[in-house]
Structures are given as C-alpha cells and as structure tokens.
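Consider the two complexes below, in which chain A is the common component and chain B and chain C are the respective partners.
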Partner chain A sequence: MKINRRFFLGIGGTMVGGALIVRPKKARAVRKPKAPSDPYGCLMDLTVCVGCRKCEQACNRVHGLPAPQVSFDDLRVLEHKRRPNVTAYTVVNRHYTGKLDERNLLIPTFVKVQCMHCQDPACVSACIVGALTKKDNGAVHYDDSKCMGCRYCMVACPFQIPAYDYHDPLTPQVRKSTFCYDRIIKVGGKPACAVICPVEAILFGKRSQIIKVARRRIKNDPGRYLDRIYGEYEVGGTSWLYISGDPFEKLGFLDLPSRPIPHLAETIQQGLFSYLWAPLSLFAILGGCMWTFNRKQIKGNSEPERMEDNS
Partner chain B sequence: MSAHAKPAPIEARFWTPGVFVMVAFMLTGFLFVIARYIGGLAAVTNLDDAHPWGLWIGIDVATGVALAAGGFTTAALAHIFGRHQYETVTRPALLTAMLGYTFVSLGLVVDIGRSWAIWHPAVYWQGDSVLFEVAMCVMIYLHVLYIEFIPIVVQHFKGKISLPGRLSIFDDVIEGLLGLTDRILDKVMWVFIIAGVVLSCMHQSGLGSLMLIAPTKLHPLWYTPILPLLFLTSAIAAGYPMVVFETTLATSSLGLDGEMDILTPLTRVTIFLLGIYMGIKIGDMVVRGTYVYLLDGTVQSKAFLVEMLVGVIIPWFMLLTPGLRHSRRALFIACTLIISGVALNRINVFLVGYQPPYAETSYFPAIGEMAITAGFISALIFIYKVCVTYLPVLSPQDQEVIP
Partner chain C sequence: MSLRMKPSKIGFLVTTVILVAAALYSTLAVTVFKSRTRIDDFVSTAPRVAPPSAPRPWEARQSAAVQRSVEVVPLVKEVLRETLSQRRARLGVKALQLEDMKFSYFLLNNPIIKEEENLYGTVRFMHKKHATLLNDCIICHHYRPADPAASEATRCSACHQTAFNPESPGRIGLKGAHHRQCMGCHKEWNKGPVGCTDCHAKNVPAHSELIKLTRKPEPTEVTKECLRCHDAQANEMLTSTHWLWKGPSAFTEGEEKRIDLGKATKTINNFCINVASNWPRCTNCHAGYGWRDASFDFTDKTRIDCLICHDTTGTYKKDPQGAGMPDVNVDLIMVAHNVGKPSRRTCGECHFSGGGEDPVKHGGLNPSLDFHSTSSDVHMGGLGFQCHECHKTRNHKIAGRSLALPVAEGSRTCEDCHTAVPHHGRELLNHHLNRHTEHLACMTCHNPVYAKHNPTKAFWDWSTAGDKQRKVKKNEFGIPDYNWRYGDITWEKSVKPAYAWYNGKVRRYILGDKINTRGVTLLTEPVGDINDPKSRIYPFKVMGGLQAVDTVNNYLLVPHLFGPGGYLEDLNWTKAFADGMAAAGLSYSGQYKWVETRMYLGLPHEVVAKKFALSCVQCHAGLKTERSCGRCHQDKRDVDFKKLAFQGIDFKLAHSKESDTQDLLHRTYYIDFEQLGYKGDPIEFGGRFKKLPLGWRSASKKE
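So, the complex of A and B:
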C-alpha cells in the first residue's frame, strides 16, 4: 500500500484547516471586564503595623476556626514565615529589610497576608462550577454547596492563597479569607481584622476612596513611603492594597503583571466557542471530507460505514 | 471494496501470570482508594496547598486523554478520510479510547475532593472556565465512545440469543431489539464518528488551555499562548504510535500476526503529524526566545530536553529511516518513544514545570498515589483483555491488505 498524493493533500489540507480553526483567534473576541465598578477595599499601611496578631485572632473568632496550637499572644511564631492555611485565613509575617534604628538594631516590617480579593480573579474564571464569584462589594465569595473539589482555583491563584481540607474525606472545602462577606453586606459592617486593629493599620472603605487616601499619605510624607500602591494595578487590581516604606520585593510580595490573569485563557475560549462556531465548522469540514472520500463506496454500496458483518 | 480481516474473539488462555500481577495491582490500588475515603486525600497523597494537582491529574487524566487519541485519529483516518484498509485497527483503538476515558473519569472521581459532586458541572455551568469545557467534552465524548462500541457488542450477540428455560420466549424480542439497534446505529453512526473527532479536538486542546491560567507559575519553556495547539497536535501525533504500541503488545502477547502491513504505513502518516508538532514546538521556542533556559541545568531544562530529544526528535528520525520503519522491533521502539514523549510533556506541563511561589517543598507522588494509578492502569489492561477475549475486537486472521 502506498500513501498517494491525493490522500496526503486531503489529510494535510484538513489538518491545516483544522489547525487554523483551533488556533487562538485573538481578534474575534473582546473580553468583557469583570471587575465590579464600586467595590470595597482595605488599605494596609505597613509603616503602621506592629505585628500584634490581633487581626489573626479576630479572623479566627469570626470564622469559628479551631484554636491554634500556639496562642495569639505568643509572638515567637513570627520567627518563621507562614502562609494562610485551612485553619488560619490570615497570617502576619515579620520581615527584616536591613533598615536600622538609632541603636543599630534591625527594624522589622510586618505584613499581613490573606486573599487579595482580586478585581478580576483568576480563581473565579477557573472555577468549573461557579462556586467562586466576585461580589459587587468586592469579596471573592466561595459557595461550598457548588464546589466539587477540583482545586483548579488553587492552580489559578497568582498569590497562592486558597488552602484545602485535605484531611476531610467527603466534604472538604477550599479555605481562604471571606472578606467577612456576611459582615460587610450589612450597613456599616467591616471585616473583623480592620475593626480590631489597635493601631489602625487597616483602613476599610470604598476602593476608590482608599486609593485616594493612600495617594495623600504618600504625597504628604514622601520620606516615609515608597511611591507605589501594591494592588492598585497588580493582576488588574485587588481589593486589598498595601503602602510601604520598604521595597515590596523584600517583603514577600510577588512581582505580577498588570493584566488580569484570566485574560488570555478567556480570550481563547470565547474566541473559539462563541456560538460554537469553531466546533461546528470543524464538524462541517469533516462531514465534507467524509462525503468526498467515501463517495465511491456510497455509490457502490449503500452502507459504507457498515463494518464487518457483511458475510 | 477491499477484503478486510474479520474481527473475532481471541482464543487464548485468559489467566496468564501477567493477569495475576494485574489483579494484585488492582487489589492494592483498591485498598488505597478505601484509605482515601477514610482519611481524605491527605492520607494517601503528597498534595498540599502549593501543589493541588499531582500524579493523578498529570498521568491518569492528562496523559490518559492524550494517549487515548488513537481512538479518534484512527476513526478519522478509516471512516472520514476513507482509508478503509485501516479498519482492523479502529476497533482496538476504539476499545482503548473507551476504556481510557472511562478510567480518566474514575481517576477524577478519586482525585476531586467531593467525589459525590462529580455531576455538578453538568448543572452549574461556568462557561469562562476552561476546565468546564474540558469536562463537558470528555463527558459527552465518553458517551460517544460507548455508542460507537455498541455495534461490536450487538454484532457478537445478534442471531445467537438463546436464553435458558422459560426466558427463551424473550429471544425473539431481544433479537428484534438488537437488529433495530444495529439498523438505527448504522444510519446515524457517521454523526457520532464526526462528533467524536470534533469533541476530541476540543478537549485535547482544552487540556492545554488549562495551564494558561497560571502564567506566573508554569515554567516559560512550556508556558506559551499556543499551548492548546501544542496539546492538540501532540495528541494527534501520538494517536497512531499508540495504535502501533498496543497492537504490537496485544498481538505478540496473544500470539497473533503482527499486522506490520498496516502499522508501517500508519507510521508514515506519523512522520508528517509528528513533524508538524515538532515544527510548531521548536518554532515557538525560537519565537519566544525560551532557548535561553535550555542549558541552565535545572530539573525543568533537563526534563524539557529529554522530552524533546528522546520523545520527539530521535523517534522522528527513526521513522524517517525506511529500514527501521519495516522492522517490527525498531517500529515498536520508535512508537514507544513518541508516546513516552507526549506522556512526559503532560507530566512536565502539569507537574515538573509547575513552580508555585512560596512552596517550601517540591512535589513527589506518594506511594498511595502511585498504587492507585497502577491499579487503574492494571484494571484498564485487564478489562481490555476481557473484551478482546470475548468480543470481536482484534482481527486474528493473517490477511493481506489490499490498497
């Protein structure tokens, strides 16, 4: 048997055609922005935080999380860098950036870590069942009744935040900061961490307003702050915003692009699957091929697809 | 029309030593599955918050789907492009695809945290999610595969129904139903054959799109906007080598004719298909300038080099050599390398190349994960053997293929 030219051209042409169809068509789809127009946000001033861990304690209490092995008063936990996990939706880490005080002692900078509540969240785009949603008030909200536990949100999150109940055999949940959703939907409600903070390092308010506050603080005291608001543009903006006197790279913050993470994947998906044009075209092309290549048999034999039972 | 070798049940001893080994793997895997449903995923896996996806996603799902591509590529060749001489390999390829996707689904059931909620995507639609598209396609395609397999079962039992004792009054009814099924399916099968190819193209590429959501985590050697195209072309390229691989294994272990007269021309198509994949992949590397990572000595660069050299370039040149193409052994080695290369690509994209920030440890699969994966693969081969032993899947006759 030889593969003749007709066959090669046929299969080649279809492959190229198929590839052209499957290839991302960037021009076709314009992705709609997902960010809510007037969400809440939290501004954390890293020059103010004293690392008392009261926010961790308040978070633990309002979410009914199990008591930690080491009490919240014990500051020795700060000796290691921690990440939020299934029993702690927020943690405070201590960083030494090399800044010294008048007695030549290192000055610590404390950073509270939690879900950033992205404006255009990767986890929400990734979630296969829509268990994660971005609410108008800014919260990235998790509904465990829809979740099936695929953990794609954890793959998607650029800040590496969602944690998982790996020990629960049947009803594990994705765990992360809730932005105290149940509290902030009420008038005057604030996240527990923002309320408890004894030094007012966390300012809760409309995101647009607290960005103005952050700008004013930076402008009024340029010696104290770097001219940057972390979270204003990162991955399309986040509801949690940080201002600092130390470079953010030295404080465990990631250098992230300003384009929303879901942009590329959603552009490709919508480009290919709007009105199912690509699959339907491929179906039509293949149907045409099937008819063309099997025409001879169709003329000679009314049952070309019948396989082997014509004894 | 050409005279086809006729598929028939295989007359070979079923309980061979290999089958006992498979049963042992299946039982071990089953014990770990029980442990997973008692102690949670933590009891049997090394997954953690930084590494939410492990061996089961990398091998059972991503590699499983890629290597089941033989089903739709042979269906396209024999039924759509009218190369009917390849029909002898469509049945075993269809069976492999059907079992492959069945076990992809079973692997997912064990992997997801709430196994009982596996049906949620069918109800709670989230069209922006790439995973949603993949899940829907896989779900529909699994049904298409089972429908495509029905004629094989019908053909085996049609005209031979004789129920014992009083039940024999139903013989005619069942015969009628079988005949009706056969006639209906015969008329509409073309829809399912094309749909199977379209659905395969969709979710094979969709699996590649999955990691586009992690631009800051996936190593630049693999992260490219054309990842879906690379996944599609590599799956298509792996389709016929997978057929050669399994046909050679099945025919040699069952003592059948090697079907070289079909396998050799199949691999000539593979030169073309693998060449497309190789060209796109190398071109992508040049365009994005990621060759700077090739020799930096990290695990990722080594894994990429092995994937490309051993899994793509070497077997491509092997297939290009006519002498090797006609040697059964060389053909088997080349095809094994190609499917290993595609498997390694999936493992690289989902595991090796995945570099989460803040991770304190790197991921390596636990014994439990490996045992469950080995159990699933053994169960797949076991059921494959059951099917070819009792159903007309393989074509045992030594028959000429007339072009």
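So, the complex of A and C:
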C-alpha cells in the first residue's frame, strides 16, 4: 500500500471524526453525578436579614479564627463590599437596589456571602489530590493533610470563594466555609451562622425540604419575593439557597448556567479515557503506520532495480 | 496519761484563744473601719435601710415575670390557618380586648432562646403598653392553635420553640419570632428600639481566663492588661465626661455650644464648692487614678479606672482621699477576674455618695435604691432595673443630664419608654392623667416626697465653721447638727419637693460670674414659664447654703478645703480662699463675706408606682366634694368617684412606717398653683392654655 500525504490525512481524519461522533453518547454514560442524594442545605431569606454580622461573629468563634481588627458590632464595615478571605469564611455585604421606603430612604438588602457548597463542585473536580470532597451531608469538605497547595480549586470555583494562606509559607491551607461539617455531622447539629441569626434569616434543614419551604414562602407572599430560588439550579444546584425580593443581579449574584461547571471538562476528560478507546486507537494508528512503513521498506529492499529502471 | 489535760487547763486554753482572737479581730475591725471612714464620718450614724424581708407587690410582679419567662410550654403543632381578616370576621364582637390581658409585663428570657447561643441578657417587654398603643391583639397574636379549647391569644413560645424543627419546617424558632415581630414592627412604624443593645444588654464573657496578671499588680498595670484587648474602649473613655469631668453643656442656657464646662472647670455648688485645689478628696470619685493636681494627664489611658464601673464583686473601693486610687486592701486580681456590667452598686459608689457620703447631695439617689424596696423606687427597687437600662450607654458615653452639672452625653426621659400617654388601659382616670402629662413631669405625681429613706442635706452654712468649743446637738435623725470643720448643716427626710416650670434648659452660675447682690444667688435654676408650652412642672430639691463671696470682685470664692494647708486643717479662711482661687485661676481681693446661695437639683429617681403617687385630691382639693366628677360623668352612676379621686399615697400610713411625713398629713394644694403662675387650682380657674369644663368658679365670677 502506498502511503502518501492524502492517504495519511484521510485515515487520521476518519478516525478522529468517528471518535467525535461516538464520544457524547459514551461520555454521558461514563460521568457519574457527584450530588449526594439527601444533603442538608441552608435557605437564606434576603428579605429578612438585618445585616447584624452575628453570623460572621459565630463563624469566627467556632472556627477559632483570629479576632478581627474591627469589632463585629461595628456596622461601618458594610460600607465596602467584602469577599470571604482566610480570616473570615463568611461576610455580609450591603446592597442598595434603589428601593425607597416611605421616608424616601434607600432600603438596604444584606447578602451573606460564603462557599455555596455546590451539589457538583468545580473545586472538587479540579483538585488533583482529592483534598476537596463532596460529603453526603452536603458539605464540600477540605482535608488539609492531602492538599498540596496547587490552588486549582481557587481557579475552578465559579464563585471565587476559596482563599489561600499566602502569609503562611510553610503550612498554607486553602480556606473556605466548612458548612460547620464537624457540627452538622452530629445529630441535631446546626451551622453556627444559622443558629446565631437573631431573625432566622437562615433556615437550615434537608435541601429538599427547604426548597419546599422556599416555594411555599414565595407562593404565600408573591409581592415580597421574586419567583426564583437562587442556587436551586445554578451550577447544578448549591446547598446554599437564596430567596429575595430584589433581582439577584443587583445583589452581586452571578448569572450562572444550570449545567455543573465540571460537566464539560470532566466529560472530555472521562470521554477520552472511556473503554481505553483513545490509547487503543492511537496504538492502532501507530501500528498501522508501522505496518505500512515496514511493508514499504521490505518491498523497497526486494525491488531496488525496478526503481532504478523507473527513474 | 501525759497527753491528757485537766479540764481547767483546757478551759484556760480556750479562754486564751478566744481572747487572742477577739483582740486580733478588734484590731482588724478598727483598721478596716479606719480605712473605710470618710471625712464626713459624722454622717455614718445616719440610719440605713435594711433589705425588706417579705416581697412587696412590685417585687412579686417581677418574680412572677421571671418565673413565667423560664416556663416551657408544650409545642402547639397545628395552628388554625386563617388570614387576619378572616379571624377578625370570626371573632366579631368577641375580639380580644385590653381587659382580656392577663399580664401587663413580661420578661423575654426563655431557655429555648439560650439553647445554642447566649450572648445577650433578658428583655423587658411592656405588654400592656403595646396592647394599648396597637389596640389590636391579633397583630402580634397572629394565629391561634387549631385546638378550639385553646386560648385565642397564646404566648409566643407555645408555637415558636426550637428553630429548624424538621417536623414543622419553615416555622421559625422563638428567637427569630421575637426579633422579627419586634424589629419588623418597630422598623415599619419607625418607633421603638431596633439595635441589639437597645433591648438587651450584652453578656460579659468570663474574664478569669483572659486576664493575666502577676501577684499584687499596681492599678495602672490592671488597666494596661485591660487595654490589651480594649484599647478602642479606652479611647472612647478618654473623651467621655466621666473621665474629663467636662463636656458639652447643651442644656445650659447661653452656653449651649461650649464643651469646657463641668466639675473639672467652672461648675460650682454649695456643698464643697469646687474641685480646684481640693483634688485628692473630690477626685476619689474620678474614673481614673491619681488626679492629684492640675497637672493630671488626661491623655494617659493607663490611668483610666476600669474597675470602679465594671466591678461585680462589691469589694472594689476607692481611697476617700486618694485622688481616685483604690484602697490598698482591694484584691485587684480578684476584681479584674470578675469584671462585668456596671450595676446600681458600682454607679452608686459615686453617685449615691455625691457630696462625700451616701445620701448627702442628691435627694433621690441613695443606697436605698440598691436594696429591693418598692416604696423607694419602682424601677430599681421593684423591678430590679440597673442604672444602665435607662441611662443607655454607647461608646462609654452615658445618656442623661442633670441640673447640678452642665455636662450631658444624651438625654433620657420617662417618655422614652412610657410614651407621652403613659397611663395605659381604659380606666376612667387615665384620660385625665394623660392630659396631665402635657403640663406635669411624671415625677411630679410619682415622686411625692424625696429622700424617702435616708435624710439628705438641705442647708449648709459654712460661715459658722471653725468653732471647736460649740456644743454639738443631734437632730431627729441622730446626726450632729454642727461640725467645727463644716459649720451648720440642716438635714431633711421625706421632703416635699419644690415645684417649678422647667423646659429642659438650666440657668447656671459659672465660676467668675457676678453674684446676685439683691438677694439669693441661684447656682442652678430651671428655665421655664407657665406660658411656655414646652415647660412642665417638675419637682426639685432646693439646696441652700451660705458660702463666701469676694466683696470686691463680687464673685463666689473657691476655698481650699481638703488636704494639707486646707481649711479643714488650718481653719484659716483667708488662706483657704487665696489657695483655692489661685488654683481656680481667678484673682482674690482678700476680702470676703457670706452670702446665701441656692441650687436646684432634679429628682428623676425614687419614682414610685401609682399606689404611692399623689392622689387627685392632694392637689385639687375641689375634687373632695362628691359632685365634682359626677358633673360631667352623669352616666357613670356605678363609679365611686371619691375612691378614684382619693387613690394614691397615704401619708398617714407612710408616717406610721417611720417616714417623716407628719407635716404632709393634712396638706391640700400640694402644688402651690399660685406660685407657679396660675390664678388658682386649674380645675377651678382654668388651665394655662384653656379653660377646663370644671372651671365653674372662674366662670361664675365672670358672670
């Protein structure tokens, strides 16, 4: 068989094309859903939160985080938008959406920001050593003994939550909300932020149940709430759910697809390796090439004169 | 055998031991007594109020509220699902009324709230007030149990208990229910407290583990240890009036924009006159250490005395002449380990003993408030209020003002809690009483006599001081009427206050002002007038005295009284005035004479409940006749008007309980209306702005 450029491209193209056509079907079967079946969740009612920062205080206390420079009673910190960081796993931000009360004062809406504990977390997918895992109770759990500090999770997180101990050169950790894993794993245990909330703006319970509660609240008071539960479908669903009277876009919430973030990357990755078709086809191509070359060489050795004749 | 002793020997030994112990004890007692003795030790014989044995009605009310607050009732699982309008329609005329209310006062302190977090203290809830103001019970009692036998208005904790109960998902817990109901309504109506510490005080964490002090620390070392965590609080303290003894004088007429007036500078009284040159004695009440002279550094945080306010042990005492330094016997480490919120006792440590000893200066602030006694004060005595529950404190600035001092870091009034219509309920009298609040301060009726349990100084004549030979008599309270150091001092107990119009502003004598040469110089005087709608009639203690004036410069003189070279040691007025005026920064001509001064002191404390308040007839003698009330209320035949008009304090009873009220027994026209500018009793001659229907006498005169 004569192998020329056209033949090589033809063979290669057919095989890659074939692989591409076959891939999606196979991949769907390959990628297992990460979401636990009956996890806990927290419903945050943004129409109730008064922005007292008690949740920050409770979080700080149960995690043994360093005392903040500004006291938790000082609400002036709300004047600037903050992000969770290594010393604060949760922060409350104040947003003015333009709503006015009867005294023509802007009505603030407070949003608690923390790890959303995605049902299908991108950070878990990105972690190459398995330091981050999604637990059955809903927590995205971080195991610092496994972490090697690559910080892929920080890049992967769509909410930009994980923070890194940059100031600690020897034993740095990735830090984010723990969902009070150590507390909720016990019977009757509740996250510290939910327990301390004076107005119970945070409702803690089974995710399926609190979605029902959220739906009921929206249905019973449609003037108060928008008909949307943020986190129900976003990035495949999150453990932290929000209901609000203001559009979520005005409150610093990202507009995210309902497809889990790891979906595309993991499908490609897992699709490539399912049934070992990729290496097998590579070997097949290489084997084919070798066989063709070998045959050509044998043929060439036996008929040198003819070539000369042809020339 | 040798180990045994004869009985006589044992007896001898025991006696010896007892004698030695007694001797030791007496020496110890003498030392302790000496260290506790103040310079005004002559008043230590003043009778003290013993804590009453049996609870009185208001205490019973408080203890019942405490008991109710900790009850946990079974959870109501099912509620009747109906909207407010459905419920109104269902109840119809059977709607809940004020009269259905069982309890008018609650404490919100359910153990359910504190199950997980216990950051804050108990909340006092004025149930009746809210019910009266809202006049619709089902706004708060928004659902009723599905059980038809249950009460229409069940308590909050019957339905709202532990949060996140999986059996009733979505039903909020008790803490959330309280907060949402209270704050939601307060925000919506823009009335009532919404901040955390507006309703309940923070619990103080145990400091015994946090504080690290070595043995026998200096007071300033204790403060340094406090500063390790509380530097911000120290900065707040540095600008507070309790530290500077001067501050904004927003309520002093003509000096509204000054910030330099105060005890530390130019305030003068007719007790011990002024701080200048008398520092170590006067500044034993300063919330700092070592203000011995004018050079005290008011920027030095380590000199702040945290413990005088935050002591909870009751053992912290200041040395009476130590310029604010604590007594040497105080165990500072123990006190520091037990710091907490201020209490009546810590505030009283200085404020009850204004003027040097316990009941001296303020008519209505005395240690009887520290004991639970309803008859002296309904809030502190009856309901166990601490000072800071009314005198709300923010950033170490304590709200409240006084007549005696110009400084004020905020203002508190009875109306802050009780509203301008404080007589809740639908009793016949309440309408009339609520009309009174436009013209009278609450204390006018609810504080009929001041110095209820302890005598207080009424007149201080410094001019007679210095006579060591004079024979000293004891007055009816067992207090010497004369002391060669201080002169003649008159004491009074259970005194009828002086009444005057007061609009909140004070006219004040400031050091260096010219005195009133035509009569009595008023050091403080309430500003107000019968024609000023903002003025109301307030009760006052009027303290009189004779004090020295510079005959050339015509201003009051500051004597150097205490310490070496002071008058109390040398009995030399000329030198005392020269030293005192030099310290005060004013010239002294060398000539002095004695003039009479008077100062008004407010009586906002010692407020009593309606049972002990003035009755109608005590001021309006015209109501003693049967027909007065019945003239308008002709349809109320079943009402005993006489009983209504007479209900209130019974001075006869008070007198029988050793209260010095004999002179008040048969007193009519308790308030002197003519002196206040009325033509006569307003119900007969008409009020200050309009004639009342009962003004029949003036009307008949016109005819």
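What we mean here is this: the second predicted complex is superposed on the first by the 254 of 311 C-alpha atoms of A that agree within 3 Å, B and C clash if a C-alpha of one lies under 4 Å from a C-alpha of the other, contacts with A are read in each partner's own complex, and residues count from 1 in each chain.
The rule we apply is simple: a contact is a pair of C-beta atoms (placed from the backbone, for glycine too) under 8 Å apart; a residue touches a chain by one contact, two chains touch by 3 or more.
Computed from a predicted structure; not experimentally measured.
Student: Considering only touches as defined above, state whether A:222 meets chain B (first), chain C (second), both or neither.
Tutor: So A:222 meets neither chain B nor chain C here.
Student: Scan A:151 for contacts with chain B and chain C and give back first, second, both or neither.
Tutor: After superposing on A, A:151 lies in contact with chain B but is clear of chain C.
Student: Which partner, chain B or chain C, touches the larger number of chain A residues?
Tutor: B
Student: Looking at A:160, would you say it contacts chain B, chain C, both, or neither? Reply first, second, both or neither.
Tutor: first
Student: First (chain B), second (chain C), both or neither: which does A:203 touch?
Tutor: So A:203 only meets chain C here.
Student: Looking at the overlay, does A:247 come into contact with chain B only (first), chain C only (second), both, or neither?
Tutor: neither
Student: According to the stated criteria, A:50 is in contact with first (chain B), second (chain C), both, or neither; which is it?
Tutor: In the superposed model, A:50 contacts chain C only, not chain B.
Student: One more residue to check, A:195. First (chain B), second (chain C), both or neither?
Tutor: Touch partner of A:195: chain C, not chain B.
Student: Can you name the residues of chain B that touch chain A in the complex?
Tutor: Per the stated touch rule, the residues are 1, 4, 6-7, 36-43, 45, 47-50, 52-53, 76-77, 79-85, 87, 91, 111-118, 120-121, 124-133, 135, 151, 155, 158, 186, 189-190, 193-195, 197-199, 201-202, 205, 209-217, 225-226, 228-229, 232-233, 236, 261, 265, 268-269, 272-273, 276, 354, 356-359, 392, 401, 403.
Student: Using the touch definition from the top, list the residues of chain A that touch chain B in their complex.
Tutor: Of all residues in chain A, those touching chain B are 1-3, 7-8, 10-12, 14-15, 18-19, 22-24, 83, 85, 122, 125-131, 146-152, 154-156, 158, 160, 162-172, 252, 254, 256-257, 261-262, 264-266, 268-269, 273, 279, 282-283, 286-287, 289-290, 293-294, 296-297, 300-301, 303, 305-309.
Student: For a test of understanding, state which residues of chain A touch chain C in their complex under the given definition.
Tutor: Residues 48, 50, 52, 54, 58, 71, 73, 103, 190, 194-200, 203-206, 209-210, 212-213, 216-217 of chain A touch chain C in their complex.
Student: Touching residues of chain C toward chain A in the complex: what are they?
Tutor: 116-117, 119, 163-164, 166, 169-170, 172-173, 175-176, 179-180, 183, 190, 196, 232
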